[in-house]
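Before we start, here is the structure in question, set down as structure tokens.
Order of writing sets the labels: A, B, C and D. Residues in every chain begin at 1.
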């Protein structure tokens, strides 16, 4: 059993359900001496909810992080840090009608079997995308920690509903534009089209998926463990923990399957004694270890399973075939909300490995 | 540090290097009462080396598994099972010349930094594809265990060098054809083309990548843990531990990013009280739990990094730019060798979760 | 780093500091279907504070458990259960004066070094005995779970300040008498003497230690794992996590060192087909596995380190020798408070192993 | 299941059975750059078998360590180190007669239940004291690693059969005398008496227990993790994994239960800016963290359960009462053999925590 923790030395344990009292997280293993306050979490939590009402669920909560433990005099102490966000905007009655009708594409059916029907089914309960609020809080700590070592993690929307940005943007541009675009795509022209596509799908009672890309720069060389705790293996595990992720790839990823070795290999070059590579096809990871080049990851996000369109399903009590139109308040596209969750998952994993490697010490010296 | 173990209750620890004495594995947590002998491993180990010399490395070893512990009177005892295969066909001298010249696309450079130059660089050492021999031995045990519960795991080549099979095959056909085709592709017409493409690339001192697909049928519903120990998260972690994997996807995978919810959702249907789905887009996993439908995974394998073609690199001692042509004996395409490794990784992860869930007990009753 | 979690399948993570906002716990891996409400914790939390003001600290808090997650419709859901108790009766000013003067016998000095001075030193912070409130909440769940399988865990005071009970009591007597005696010793005549000894020590600005005994009956045979995850190994680990424990022994324990094999061995006897032993010297564990006989553990509790008597110490800023008289509000004997903490630690460990073994399933059927 | 590994960053996995092919160990997480050869293990393995035939089992094996992986050019590489010792002097026929008659005090009975009768019962199989050979090999690596940081771990016999040494000896004396005395007691007068007592017990077909003490000096301050991964908690867990250990205590241990706080507390003193304590009652650990003072541990070892004297037992097939006289070749006192095993367990745990804390880096610089 268990399974709600990740990490070996920067250990993140999440708790809470969509319609329970709180969503929360315990971060155990954060080095002592990191300045941290409740305010640090607000920007990150706000970024989860796009400001454009046309493309988001009607359940809009102002999430406010509350620190329960681990901070003293404005610094981390080395003790476990606990954070909660209260749930407020619940409309649990929406779910009573579908209690016995598993929604296609959601965890309802296997969860019902797995937990013998005792699971909190309201809003998907523990399987709701809302649990990513916990990831985002832990990720905020991880990013603050990484930033002291100049490691910068940045996620953004690459594609939605088949509309894909092909342009390259600098970190600064990404950071700026993803706050402008409700879809979190730094290519503002694409972003506009994506938004229209989402509105269109919503009108038809349908939903869209997409691809989130995440880049991490300035990683030192040699972070990661061989084989099973490979950096890419642990990053992939963390990403698949984000609901709706159906694929993960590094660097050129699946396209590598069609390349030749001579095309795919990143040849080395030395500039003034600094080793780098001409190309960046590997996504910054070789043999499970960071190569010092930017880490590049893409995650495929499936379209929101909860849609107004009528779908076939089965009544779990009677085992009779029936149909279902999911009412509730759902995002017609969860890609924008997945962006900060994926950024958080990557940051959490990198922080864990930086600590494991001894690169980040257990007490941070004053910078 | 550490990182050479995977699993929580069926724990696989591998050891050994490409040019060391042995490749070995300890499997801790295998239930007592499973019949097991050294012969059980031979077919699996043999399957790693395609019989067609045109498409494989000149280093062809007859790998023979030796049991060091954990078996008594022909049955597993519940104690850790240790298996080794001796390394024989080493030509370590091949590697002296490239000791200070990291091969592009290999782990040489980050490993040198990570281990301060103490790592065994011969043949990639611990980062060699040869370590998958350990995976295959552990996977053999996992598959025997799963087969008692009717769970069948089957991997095969889907694509090589851009040649992709689009036909569907039954389990029986796959099992038969992948033994006929040196490329392990069940579509024998495609397999022929793949073989030619490999021979072509080899001639040019180059290499090819591809895609391996793996299917697991008859999984019970509800296996997996929520969130971080999600079944897909743990499968992905295990797959990225196989050298050369650059992407992993479930069901329709990255294609889901372009679908609408109404297209992507697998609607439920009840036939004589048995719940199943019309489509199988989710790859048999919802919310990190098995749905009872076939688990479908694809892994992208990059082209072999070691190629005869000249490549740019840097001398690590002098930090001067130079070039390198990898001599050694390398497979022009590692996809066929990746097939049993991926099958093993999937089987190991499923076995671990079946035990964690309590579905497989700690003592197997006589069937 | 990390270190605030215990267990493999029933995973307990604690958080909070003596003078922080809360003491809390996340229990991950509790099977679904266990009836649980906030009321269940009250009796256990109350039992931590003896009603006799003469022998306890002046800091008396009415601790009330609040459920944050994991319960739905009165039952556990299989999701992580989070519980908090708010801290109220803090007088943090007591600690400013001793901020730089480590109290002998407390964690102050190594914690200051370990956390670079960032640790919350108020009331010992994370190292306070108050963190056992989290253990007790988790232990309450573990005991409810175990009781469904008839496993009963019972701790009580065996000795305080050299006064030791030599009489044997039934479970029912222990349960009744330990509620009568503020010292939690079921031998009420001894209990009276212990109380007097504590009052005496308190008057002199001093403190007393003692021994807590814990018995667990009706454990099935064969629970535990070989070698490193031996049942006694994990029980000992859990017990040493209780502040002030300096020794742990099973069955006759250290006395076994003076016995002969023929005296120490518990010979087997069969009564109507039921195997048991004539004696119970092994404490119910052989080779790390439960033998089916009562598990018997004793833990040595050191005297409260915080005493009013003047002690030598060193000013950590100036490194000058000085003296210290600990003011604050301290228990002259922490043995009574250790009793429920030790009972909880034992129950948590047994529940974890019962789940690991598959004896307790992941969904509890209605009994 | 599982359970044959210990440690978080210096991970020791053991395998092998008393009458199997080998006893072996995988050490994962040893930093790269430690000089290591097969010779390093010989002295340690030899020390396990006292040279005095009067007090040891007739099964005397010259154990020779063979390195299977992890060493290259005479140094550790950072890859998992695997070591085996072949079993040779087996007389498995001794055990056929007692197959169904569980030996009192051994794991036979619970192991039979736990493993459904599939366990290798010959010589106790996985539960034999012979598995400590694996511990000793791993401990040899841990001690070499610790010695580079001046941490010295030293175990010796304190008491056997009620004969207890009360004298204090220097590390140098202990090291010298424990090699002279077959009982491993540095007090040579006591050692002589102990030897006679063992001979006496053996004559009567009986056995003796005792106490092993272990001291570790020069530990830095602040090593360990709070609460559950406390240094004492992890040391105790490791010690209880040594067969026959029934009690563990630190510093004054159980005697602390009878002391007052003013007697038990180790008051601080500063000498030329170096902080130490007047007394060493705490055994070098406070709040689960090392205090910089010598770590002092004692483990109670029960008398060898296998004795020639007739004992009551039950036939597991017929469930009839019967008697048993254990033939085989057994040590009349296992305390001398437990000495290096306990030293190894302590060293393994300290090395793991030194690495976890970041004090020992992942690549050792040339000293």
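In this section, a contact is a pair of C-beta atoms (placed from the backbone, for glycine too) under 8 Å apart; a residue touches a chain by one contact, two chains touch by 3 or more.
This is a predicted model, so every value here is computed, not measured.
Trainee: By the contact definition above, name the pair with the higher C-beta contact count: C-D or A-D.
Mentor: C-D
Trainee: Measuring centre to centre with C-alpha atoms, which chain is farthest from chain D?
Mentor: A
Trainee: Could you put a whole-Å number on the gap between the CA centroids of chain A and chain C?
Mentor: Centres of chain A and chain C (C-alpha means) sit 38 Å apart.
Trainee: Mind checking the centre-to-centre distance between chain C and chain D? Centres are C-alpha means, answer in whole Å.
Mentor: Distance between chain centres, rounded to whole Å: 27 Å.
Trainee: I'd like the Å distance between the centres of chain A and chain D, where a centre is the mean of that chain's Cα atoms.
Mentor: 46
Trainee: When you check chain D against every other chain, which residues touch at least two of them?
Mentor: 1-5, 8-9, 14, 78-79, 114-115, 126, 226, 356, 362
Trainee: Spell out the residues on chain B that touch chain A in their complex, using ranges where they run on.
Mentor: 1-6, 12, 14, 102, 104-107, 109-111, 113-115, 124, 126-127, 131, 159-162, 201, 206-211, 221-230, 232-234, 236-241, 243, 246-270, 273, 275, 277-278, 282-283, 286-292, 300-307, 309, 311-314, 319-321, 356
Trainee: Which of the residues in chain C end up touching chain A in this complex?
Mentor: 1-5, 7-11, 13-17, 20-22, 24, 26, 28-33, 67-70, 72, 75-82, 84, 114-116, 118-120, 125-126, 355, 362-365
Trainee: Once bound in the complex, which stretches of chain B touch chain C?
Mentor: 8-9, 78-79, 226, 356-358, 361-362
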